[in-house]
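Dropping the structures in below, format is structure tokens.
Paired with chain B in one complex and with chain C in the other, chain A is shared by the two complexes that follow.
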Partner chain A sequence: MAIVTQDNHGLRLAVRYLVLILVALVFMFPLVFMLVSSLKPTAQLLSDTSSLRAFLPVGDISLENYAAAFRRAPIGLFVFNSIFITLVTVCASLFLCSLAAFSFTYLNWKGNGIVLSVILATLIIPFETIAIPLLLWVSRLPWVGMEGIEFGWLNTYHVQIVPWIADALTVFLFVQFFKDLPRELIEAARAEGASWWQIYRRVVMPLSGPVLATAAILKSLKMYNEQYLWPLIVVQDEAHRPIMVGLGYFFQLNVAWGEVMAYLSVITIPVLAFYLVLQRAFIASIASTGVKG
Partner chain B sequence: MRKTSIFATALLASVSLSHAALAQTELSMWYHGAGNEVESKLINQIVDDFNASQEDWEVVLESFPQGSYNDSIVAAALAGNLPDIIDVDGPIMPNWAWSGYMQPLPIDESAIADFLPGTKGYWDGKLYSIGLWDAAVALYARESTLEELGLRRPTLDEPWTGDEFMAALKAAKDSGNYKFALDLGMNDQGEWYPYAFAPFLWSYGGGIVDRETYQTAEGVLNGDAGLAFGEWWQSLFTEGYAPGTSEDPADQQRGFIEGDFAFQWNGNWRAVATLDEVDDVVFLPAPDFGEGNKIGGGSWQFGISATSEHADGAAQFIEFALQDEYLAAFSDAIGLIPSTPSAAKMTKNYAEGGPLEAFFALSEEQAVLRPVTPGYVVQSKVFTKTLADIANGADVADTLDAAVDEIDADIEKNSGYGH
Partner chain C sequence: MASKLTTSNRTGWLFALPAVGLIALFIIVPFFLAFGFSLTNQRLISPNPTEYVGFENYESLLGLAVITLEPERDDGGNILRDEEGQPEYPRVRTITRSDDYPQYRGMREWFRWQSGDNARVVIAGDVIFMKALVNTLTFVFVVAPVQGGLALCLALLINQKLRGINVFRTVFFMPVVVSIVVVSLLWRFIYDGNDGLLNNILQGLTFGLFEPVDWLGNTDTALGSIIAMSIWQAVGFHMVIWLSGLQTISPTLYEAAEIEGASKWQAFRYVTWPGLRNTAVLVLIVITMQSFAVFAQVDVMTNGGPLDSTQTLVFQAVERGYGKQDISGGSTISVILFLVVLAISLLQRYLTREKA
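Coming up: the complex of A and B.
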């Protein structure tokens, strides 16, 4: 009887692993297809799509697509731009949104709840509906630069950073987290004579590692992967273009799909590295927010 | 004393040089060719040659990815930072002129008298844009296919009739040698649809909009000719002659070359690559469904933005770019049709006896511009959706009626688009 149970256990384990392997393969297929295709000439890549060869590094394999992709577009510049814009935006966003959330959670000012509700309501407004008014606005705003005051933010890094710093989702994440922190800690610090700034910096933020990781991950993915429409309309010079606009360089009348795959592979590297470093935080953030990564 | 003299000479020289540099007024130019190495090299060459040829103007080029170029122009127009020189896709030009993004092109029109009709962009009786090339569509086939199926080779003077065309498709289908008789490139649901397929509608005698008034599509898109076209169009898919809207892009790029399709309706920009792989490819004229054999005309052209304060300099650059040597260089490099017969003679593909010579004649004799109206930007999208719906089995009459309603409502909403 014990042997039968052991067999059942072994069988269940095998089935479980089989299912998990199949699911993993399904999720890995797009990545494998991208990487393998980036090594094939376009004609072979297209021919292979009708068979399992699409996922195998077979046939005429080389790094020529990578060389051609780097000749076609300044990929290094685009990747640098995206990483720089992402880093600055995420850092500024974590600071400002956590400050706002701190104020909403701990400072009892009049209209606090209404303002938070209004901010959260902006979650339902698609960016496309405000893109044009925002464009008209930023094209006339002043900015103090190296050459004094200039009007118009177009063709700059800050036009791709400032409008994205504050967002309702990040404020919401911080508010939810701060609400769960023990009130006693704040009250004790107040009793000790700490200022609000000291409480924010020395008490609340050191305890906020999980929410900082969650907010940083969600914001980073959004800034790195999804910035297309806004830079498209506010950046007209190549020097400030991010990776997603750069993808357009590869879609000519005769699309060189091998180069497209090579470009996608290159721009995926920073995201993969980011994921591998913060793998645990990624899973925790998705579990805690219910938001798909 | 000697030191003072050297210093004075150096100062004078530097002042003169900086004066010469300052004397060149900067002209900004936007172009849709970012990522296209060959095209970028050519356009940069023209810009460099122009800048070196005179001392008044300096063109500064910024290139954009083609897919997002139009959006960038519209955004820049809203933000008030359009450049001096822009390039514009031919059928879009009337909309940009009507919207106040462009100004008439102040060049001597006698200099473009022999340009192909599809390369000249007129709106409201004025020239707004001019192109260095045109594009054309043809029916790709193999000599061996025509022989094997016992088909007459159509010519410009004697194209296939609609019945002959359908007989050719039936013969190809019945032979069992092909996955499909005809590839139309149905997966590309953008400007390809009106550019490539509206000529069939025109050949039936219909139209996307009434070109007499440009105030309605009633009776032209959904009249008898439109209905006949719609029924024929649907039959291509219901009878299995052509793959539908879900066609794999890989098939569209490789299908004809690998012998999966007997015929392919495709542009001249694919001709060079096809010639490299298919020895006996022939480029046949469009079939005639009753009102003549037609193809679409009008490609990318140069114009001047409405906000440019240097229209004279911009026009000077555009005139400079229209030299035959540049038209021929573009054609040789990217396979497009040069705008003039004299430039065509300088090319390797379009000169007499050249492998693509047929396309020049197609463009010269068959090309019809898409509706020259600001409303075309909406009409092209409606037309695309309509053809896709009919291909997917929607009721022909109802779908065409709905398209007419949508087009007419848009014209009315825009107060007739200035016609």
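Coming up: the complex of A and C.
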């Protein structure tokens, strides 16, 4: 009897792993294909699709596609633009949204509750439904630049940064986190005569590592990966073009698939690397968006 | 919220103002501008002053009518038929351009069906908008249940206590961190009709029996292909949300169920599923909102084609508001989209409410 159940158990275990592996293959195959193909000459890439060689780095392997793609378009500039826009937005967002959440959570001011409700209500407005009026709006807004006041934000870095700094989800994440911090800490600091700014800076922020990581990851993914529609309509010049919009233009040049795969890999490898190193934090940050308020 | 420590109006406002101001300026103002512009003929750049036009934009988008066409008859009253034996009908133009029917002026045929000898023709003020609306709703009503359901299955798979399970979690989640723009271009190659990877894989699996399909070039398969790819990319996201819901269910409940002799299905039905209520509502609403916003896939893969079979509301809003610089037209579509999203999320909330 014991042996039979043992066998049965082994078989069931094998089936479970088989299911997991098959599902894993479904999620892996396009990405493996992309990375492997970026190393192959286009002719070989195309002929390899009819066999398992499509997923193996075999044959004529080189970085020539990468070199060719970088020669064809200023990909380095696009990468810089995207990283610059992402970094500035994320830093500003962490600072301003945490400061606002601090105020909503700990400070007693007139209208506090109502303003927070209005902010949270904006969660149901998908960005895509305000993109077009926002396009007109930013095309008329003033900006203080080198040559005094200018009107119109199109074709700049700040049009890709400023509208994305503050959002309801980030404020909400900080409010959720601050609510659970022990109040005694803040009361003690207050009793010792610390100003609100000092409490924010010296007491609350040092304790906020987890929520800062969560908010930073979510915002970075949004700014680097998902920024497409907005820069597509507000940035036409190449100097400020981010990497995803650059990809669209690159593809329209009708270049060989090998070079396209190289460009796709250039975009994707840094994010995948970050994800593989910080996967716990990545997954925790997504999970925390599911916490009901 | 817990009691505030002291009243501090000035500091409170000062700290909140930057973020609140930005949200007001870049989310709340454009939201109301959308409503305002939709009642005008606002253009991005125009020499003429903007005029208030009332609900004209909505009327031209939403205009819909059914007309009945009687077959053409010869002098003897017999129905004229074409070579295939189908009745011949007068052109729809004879009605939409006729002075006898001013209410149908400018409308075009959307689709028709046969009813006895007559043909019933649905004419629309804006056929492309109607197709975009139907495609978007199809996208949402397929993606929301399928992606939500698959994500739950994956979460249950990953929630097993097996050695190395974290590796699988890492893999299942991987497409989520890849940009939808990258994924769309990559799948353009996978879906290709000639050298496409999918056709080759399917041919390999069926030993050559499978007929290659031009997945994105065919009106029957284009939208479905975009749907499948979108689910592939995003399902890991909701798997993680389900997983965090699963982990809030107390293990003692499962132990109790086991002692009571519950089967696996019963344990799922009476312990797991009730414990996932709130998560289910959240997943459904989040997927619905994300699905209504579908844009990048269409822009990169099909540009709305073939024959408008993958047009979506956001794609149309952008094509008009940005492509044609028709801010009012784009805003009108945006407002309609927002109202649809709002109505459906309220409906979902109502249907999934806690029953007293």
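Remarks
As a working rule, the second predicted complex is superposed on the first by the 233 of 293 C-alpha atoms of A that agree within 3 Å, B and C clash if a C-alpha of one lies under 4 Å from a C-alpha of the other, contacts with A are read in each partner's own complex, and residues count from 1 in each chain.
Simple rule for what comes next: contacts are C-beta pairs under 8 Å (C-beta built on N, C-alpha and C of every residue); 3 or more make two chains touch, one makes a residue touch a chain.
Just so it is clear, the structure is predicted and the values come from calculations on it, not from any experiment.
By the touch criterion defined above, A:S50 lies against chain B and chain C together after alignment on the C-alpha atoms of chain A.
Looking at the shared chain after the overlay, A:I119 reaches chain C, while chain B stays out of its contact range. By the touch criterion defined above, A:G152 reaches chain B but does not reach chain C. Within the superposed three-chain arrangement, the count of touched residues of chain A is higher for C, of the candidates chain B and chain C.
When the two complexes are overlaid on their common chain A, residue A:W230 makes contact with neither chain B nor chain C.
By the touch criterion defined above, A:F177 reaches neither chain B nor chain C. Contact with chain B, but none with chain C, is seen for A:A73 once the two complexes are overlaid on the shared chain. Residue overlap on chain A between the chain B contacts of one complex and the chain C contacts of the other covers 46, 49-50, 132, 135-136, 139, 232-233, 247-248, 251.
Touching chain C in their complex are the following residues of chain A: 13, 16-17, 19-20, 23-24, 26-31, 33-34, 46, 49-50, 54, 96-97, 99-100, 102-110, 112-113, 115, 118-119, 122, 124-137, 139, 162-163, 165-168, 171, 179, 183, 186-187, 190, 196, 200, 221, 224-226, 228-229, 232-233, 244, 247-248, 251, 257, 260-261, 264, 267-268, 271-272, 274-276, 279, 282-283, 286-292. On the chain B side of its complex with chain A, the touching residues are 30, 34-37, 62-68, 71-72, 75-76, 78-81, 248-250, 253-254, 258, 267, 269-270, 273.
Against chain A, in their complex, chain C makes its touches with residues 1-2, 4-16, 18-23, 25-31, 33-34, 36-37, 42, 44, 154, 157, 160, 162, 165, 168-183, 185-187, 189-190, 195-197, 200, 204, 232, 236-237, 240-241, 243-245, 278-279, 282-283, 289, 292-293, 295-296, 299-300, 314, 317-318, 321-322, 327, 330-331, 334-335, 337-338, 341-342, 345. Note for the complex: chain A touches chain B at residues 42-43, 46-47, 49-50, 71-73, 132, 135-136, 139, 152, 154, 232-234, 236-238, 245-255.
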